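Next, two complexes with chain A in common: one pairs it with chain B, the other with chain C.
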Partner chain A sequence: MTPILLTVIQGAVILALAPFATGLVRWCKARLQGRHGASPLLPYVTYATLLRKEMVISPTVSWVFRLAPYAVLASTALVALLLPLTSVDGALSASGDFIVVAGLLALGAVFLVLGGLDPGSAFGGMGASREMTLVALVEPSIIAVFAAFAVTSGSGTVAKMLSVTGMGLLRHPGLLLSLIAFVFVALSENARYPVDNPATHLELTMVHEAMVLEYSGPYLAMLEYASSLKLTLFAILFANIIIPMPLMTVDSGVSAMLMIIASTVFKLCAAMGLLALLESSMAKMRFYRMQEYMTIAFLTALAGLILALA
Partner chain B sequence: MQLSLIQAGLTACLVATFIAFPLAFLLRKGLLRRLSNGFLVIGTGIGALSAMASMTLKTGAVPLLPVIASFGVTFRLTPLAAPFFVVVNLVACIAAIYAMRYVDENRDAYDVPSLHGVTALFIFGMQATLLATSALGFMVSWEIMSLSSFTLVMADRSTASRKAAMLYFVMAHLGALSLMAGFLLLAAGNPLADFAALAANARTMPLREATLAFAFFFVGFGSKAGLVPLHTWLPEAHPQAPSHVSALMSGVMLKVAVYGFILCAFLIIPSLPAAAALTVMGIGLISAVFGALHAAVDTDIKRTLAWSSVENLGLIFLMLGTSLYARGQGLHALAAVAFAAALFHCIAHAIFKSGLFLSAGAIAHAVHTRSLERMGGLAKRMPTFSGAFLVLALAGAALPPFAGFIGEWMYLSGLVASLHGIAPATQAVLVLALVGTAFTAGIAVFAMVKLFSISQLGASRSAAAEAAHEPNDAIRLPVIVLAALAALTGAFASQILGVLGLGSLIMNGTMSSETIVTGRGTSLSPLVLALAVFGTLLLSLIAKRFLSRPSKERVYQTWNCGQPINAHMEYTATAFSAPIRFFFRNLVGVRKTVVTIPTTKGNSFLLKREMLLTGRSFWESHVHEPISRGFHGLGNWARRVQSGSIQLYLLFILVALAATLCIAI
Partner chain C sequence: MTTHDYIDLAGGQVGETRNGLTLAAIAPEKLADACALLSENGLPLSLLYATDDRETDGSFGVHVAFALDEAHGWLMLSAKLPEDAPRYPSVTAKVVAAHWYERYAMDMFGIVAEGHPDPRRLVHHENVPEGTHPLRKDFAWNTKLAHADVPYPMHHVEGEGVYEIPVGPIHAGVIEPGHFRFNVAGERIITLEGKLFFTHKGVEKLLEGKTPTEALPFIERLSGDMSVSNALAFCQAVESIAGCRVPERAEASRSLLCELERVSMHMHDLANIAGNGTGYTVMAANGFRIKERLVRLSAKLFGNRFWRGAIVPGGLAADLKDEALREIALVIKEADAEMRSFLAMCLSSDGERERLETTGVLSREGALALGAKGLPARASGIGRDVRLTHPYAAYAAFRPTLVEERSGDVYARFIARVRELEDSSRLIAELTATMPAGPIRAECHAKDGIALGAVESWRGEILCALRIKSGRIDRCMPRDPSFCNWALFGEIGPGNIVPDFPLCNKSLDLSYSGTDM
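For the complex of A and B:
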């Protein structure tokens, strides 16, 4: 298979699975909390419905409000193409340097924040200010986590970092700390517990929801889809680090492709189950205690990096 | 042939810029008053082109025509100075175009001829500093630059400006004295010595003396570049100057200081102890963190930008310090990457920061205030302009694929690439630089988002912002050009690094400029990145068009729990930065005091509350104030000498005489 084809397949698989991830984690949480729960496939219907709905646009907004959904979706989709999710030899994986990935994630967050501030509501401002703070504070942790993997694997691109995963983690036990820090980063980036409550609409607690409050119709669908996509790619990347299952290369055939797609679905289910378990067993932290969370994340990542250097 | 053309171009550039200075005073009326501006624009334009030609043709050092060299102080364009000369002239040219209309629109506040004239002199000072090849030539040009910018800071003749200018004057001259001491130490007292002689002297000098000279240079250039603890003048002086001068000061003058530092620390002084390199790194990192935090919490549009300059210059010095340190430790690849990153970040910062200051000038002119709290809603009223402003802010936030990202990317990947298999102490230093840079980068994103969103988005917070409209083309175009440059510099970073020829500049290593960006031999290309970002953006536009039916839109007010909404309910700059202010309250030193005033007698529940935020930074309260108190105390104590009694004065004379005689004998 050609590198371009690999990237296209990865993009198609991840884009197709993204709404399922969001639906699945909601369903698992409902089950864990003793509720029946909506079908995991509901988000597909929700997004399709939103795409056909009328939009309500505030008279306050400028062109930035209209650009934001595209920029958020595009930057997240680009990260999905850069990372080694179903294949390691993709056309863009050589550009999947971890600093570029961190920069693109920040770019998406910035546009989300700009979109949140444009309607001029206090809710949007509140969410925007909080989100921007989280993005700013999580930056050193992201760099330190990936730097540890880069040092042990000898490469700055995330695709090559996967060479030290699976059993390789046991040879470099320091990376387990980096992995824990990665979970901290992933929870913060995806607005999950204990950083944010994805189900709330209470002004005291919401971060992500506050920013998308003024969006409706197709724009809302794009933003929600982008956050599903982000959740999916973090979950699969996490699973790829732990589970040493081979990914697609230029030598793989069609049967290997089907195997790997099936295993990707399995990884996603496992990761979402774990996330639901985690979210059902802990409370959300107060926003003004986020410095503690971020400090722990950073120190864990730093410890991982230092052990990786030793 | 080409060489003599470049020579003629450089000479014409200097002559035209210098002539623009008296012309502004002589021709004040009618269309002739534009002649000075014209000379400046054409002169700096030719200068930028000539230096670019010198770089692409790799001509080596280019001497000027003997018109100017007759002073005995020679001027030459060296390969190191060439990129800086391009940046200075390019930004000066764009700023000069902007200035014509901008100054006319603000002619009540400024004395127009002298503002144009002194700006030309200021630009001339920077050009000459970059071309000087002797200590004397350098110091004279440096002083022209400092003194002219000092008068420019107080161009609007307000009390605040005069205060800021005096602070700048003191700091600039502390720095200049320190530089003078450094040069005299290296030149063994001969101020006419050229840099080659200085370098020769430095090679034979004991290490202790060379380090002392380096310390003098670091203090001198550091105070000009706004490094802590000598940064206090920068966030005061840069915002007070007219916006095109702020753009020149922040965007370009600071780079002249970086040039001077590179010249002295890398070319003249052969080797330095690791402690010196570590000091540069440490001061750079502290400046970066401190500048970023202040940029995040400040509510004045131009002061935010000035703090961001402190941050960026801190990063540049961190990169340069890392390069020095790595050279000493034998890590030649890192030394080359860090140096390249510093140089690239200089270029990127010059472009986006001058663009941001020019934008701030246009905004402040439209809204009649520099306070972010009275802006808002400008993106709707000036869409084209705000698009350019957004690109510049994203470049300033060091986000891909814009110019600001590349330098940090190179630096961080260079650090990570060198971490493996080196001494633990060196690893510790590099890890600290790594996470420090990452932290600064995060806070810088916050600062730039605050700057853009509070000024451009939401509802207008004042009547003036409500009435704002798209700025005049003469003001808008320079900003758009700089925004385009910020995007293009990011996309074509590899090509620019190739033209800079960093491999052959200073480093004798084997690293070519192409592998510098690539870090570890992978094929990361900024151009591919830029194409990928805009490609996916285009794809998402197409996808939306196909997937959603051309939907109807309804206009309805922003949701506010069913109540009518107004601009007072929006988040302000103060509110937006509250989390950062809270989390880092010990570093930014902002105190919140709530004043409670009872409104009704006899009812203790009806109260009016006022909140005051007072900012006193750590450096002011713990470094500058103790020093100034010390000097005040010393002065008060010394005043006792002046008791007014003749007998005591006679006694002093006698004691002085006796002491002199004792020493003489």
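For the complex of A and C:
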């Protein structure tokens, strides 16, 4: 297989799975709460419905509001192509330097914030200010986590970092700390518990939901889809770090490809199951405790980096 | 002090005493001072309402009720204001607990409380023209009002980094309409004010001229989650005027129904606070499921999900047969046991405790000054419960335990509910096991007079002031405890962060509908 083909396959698989991830975590949570839960496939229908709906847009918005959904979705989709999710030899994987990945994630966050601020509504501004607080606190942790992997693996690209994962983690126990920090970061980046409540109906407690409150129709679908996509790629990346299963390379055949796609679905299910368990067993944290959470994340990431450097 | 000592102290003229309600006349200019004196002597100001008596004696009436907890009675001071100049010195200027009542009377009757510290409109929004006073007798209930644009200013703070967040009246969840205005610095709340009365139903107006039997369905629908308590308070007032004795079995059944309503709604609130307020979702899903068992029990026994239609003047509409009592006992036993296991899990979660503790503190002084009622007051160390201070139905025989907490935060209100839930379950078990035999309804012919019906609903003290003339309702003010407790937000909110407001709100769980009659 050619690297281009690998990237195309990875993109197709991840883009196709993303709504399922959101649906699955909701379904698992419902099950854990003792409810029947909606089908995990519901988000596909939801996004399709949103795409066909009319958009109601405030007359006070500028072009930033209209650009934000594209920028957020594009930056997230690009990250999905750069990271080693189903293949390590993709055409773009050599460009997948961790600084680029962190930068792209930040770019998406900034546009989301601008989109929330632009209509000038109270909730958008509130969500935006909260999001910026969180982004500023989480950014150093992301860099420190990936730096630890980079130092250990001797490479700055995320694809090469996977060489020290799986059983490799046992040879570099310091990376376990980085992995813990990664979980903290991933929960915050994806607006999950204990940082944010993805299912809240309380407009005053929202972070992510407050920023997208003014969006409707296709724009909302794009933003929702982007957050599904982000959740999916963080979940699969996390699974790839701990589960030592080979990913697709240029030498893989069709049967290996099918195996790897199946294992990706399995990884996603396992990750979403764990996330649902976590979210069902705790309350959301008070917002002004967030700096403590982020401090723990950063110090853990830093300890991992120091051990990797030692 | 005896009741008469209090009246002497206030400078009033002793009137008749009937079923625990002592009436006293007082000059309008002395009303505020009298209220201040009584309040300083520890009598809680429990109700202030106005009447339009222009047809009978050419005056407007202002009536202030105080609770006489030791004597298990009530004292009502009444002042007559001349119809051409209905003004009197404001009670609120001396007793803060009167502030919403007086603004209410200013809107609804055009009675001016002079020197009121906050004489803004309350019920009337911008669109109601000046000089509209719907509860005056000469205002027809079906009057179509012209659209006006009268200012309705809200509190506003200025300063660097201070901004306003308007929330509602339409919310992201399925709740009643209410507008809240936050002035915040960052996430920290500086001031918080609510604007309610978006769906005024005009119940008070509609009740006038109806017989008690015709009025009852309106009373039951004031606030869906308090049907039993509102109906009971009203029926008690009717029975007090008629002087009829409710049979023992009906009294016990009424207590049973009150406790069933309390259990249902405390379960709902516990699930809502822990589940939706802090995002501990397991509690929400399971708490609501358990509450649903009770709601369905009501549907089975009474054909509706709100325990409606059982209480009528004179007793009960239909007997709760032994079979029904056994079923109630069984459902409550199971539901209580199940709820307790979830509550134990919830309370052992550190994250959950962390969210509830120190959030939304209502100080004892604040609660006293604002005249807080019911559960929020008890959670702030004001140990009053109408079931104990003014025993009604079968509460003299089946005594509830007074639940009191001191810390006044959301956690205290949560724990107070947990404890009341246990106590109510015990009462239900006792009531179903030892229900007295006998008739369930006495003859109750409407007579003329004035009475107060007091019931401790799960939210707090309901006071239903009723005046019947020629067998028909002349004035009825069913005061919901929420009417007194809405103002608590201004006390609880500041100092908290905006994301904790929904939690504070849920811990009070006030009724929009009951306030906005």
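Here, the second predicted complex is superposed on the first by the 310 of 310 C-alpha atoms of A that agree within 3 Å, B and C clash if a C-alpha of one lies under 4 Å from a C-alpha of the other, contacts with A are read in each partner's own complex, and residues count from 1 in each chain.
As a convention for this text, contacts are C-beta pairs under 8 Å (C-beta built on N, C-alpha and C of every residue); 3 or more make two chains touch, one makes a residue touch a chain.
Note that the structure is a prediction, hence the values are computed from the model and not measured.
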{"item": "Partner chain(s) touched by A:73 [first = chain B, second = chain C, both, neither]", "value": "first"}
{"item": "Chain B versus chain C as contact partner of A:189, first or second or both or neither", "value": "neither"}
{"item": "First (chain B), second (chain C), both or neither touched by A:114", "value": "first"}
{"item": "Touching partner for A:126 - first (chain B), second (chain C), both, neither", "value": "both"}
{"item": "Which of chain B and chain C A:288 touches, first, second, both or neither", "value": "both"}
{"item": "Touching partner for A:138 - first (chain B), second (chain C), both, neither", "value": "first"}
{"item": "Partner chain in contact with A:89 - chain B first, chain C second, else both or neither", "value": "neither"}
{"item": "Chain A residues touched by each partner, larger count belonging to chain B or chain C", "value": "B"}
{"item": "Contacts of A:224 with chain B and chain C, given as first, second, both or neither", "value": "neither"}
{"item": "First, second, both or neither for A:29, with chain B first and chain C second", "value": "second"}
{"item": "Footprint overlap on chain A, comparing chain B with chain C", "value": "122-123, 125-126, 129-130, 287-288"}
{"item": "Residues on chain C engaged by chain A in the complex (per definition of touch)", "value": "163-167, 171-173, 186-187, 274, 276, 278-282, 284-286, 289, 349, 351-352, 354-355, 359, 497-502"}
{"item": "Interfacial residue positions of chain B with respect to chain A in the complex", "value": "296, 376-377, 379-380, 383, 386-387, 390, 394, 397-400, 405, 408-409, 412-413, 416-417, 419-420, 424, 427, 431, 434-435, 438-439, 441-443, 445-446, 449-450, 452-454, 456-459, 519-520, 522-525, 528-529, 532-533, 536-537, 539-541, 544, 547-549, 551-560, 565, 567, 569-571, 575-580, 582-583"}
{"item": "Interface residues, chain A side, partner chain B - complex", "value": "51-64, 70-71, 73-75, 77-78, 81, 92, 94-95, 97, 99-100, 103-104, 106-107, 110, 113-114, 117-126, 128-130, 132-133, 135-140, 142-144, 147, 150-151, 154-157, 160, 213-214, 217-218, 221-222, 287-288, 290-291, 298, 302, 305-306, 309-310"}
{"item": "Parts of chain A lying in touch with chain C, wherever the complex brings them together", "value": "29-30, 32-35, 122-123, 125-126, 129-130, 193-194, 197, 199-205, 279-289"}
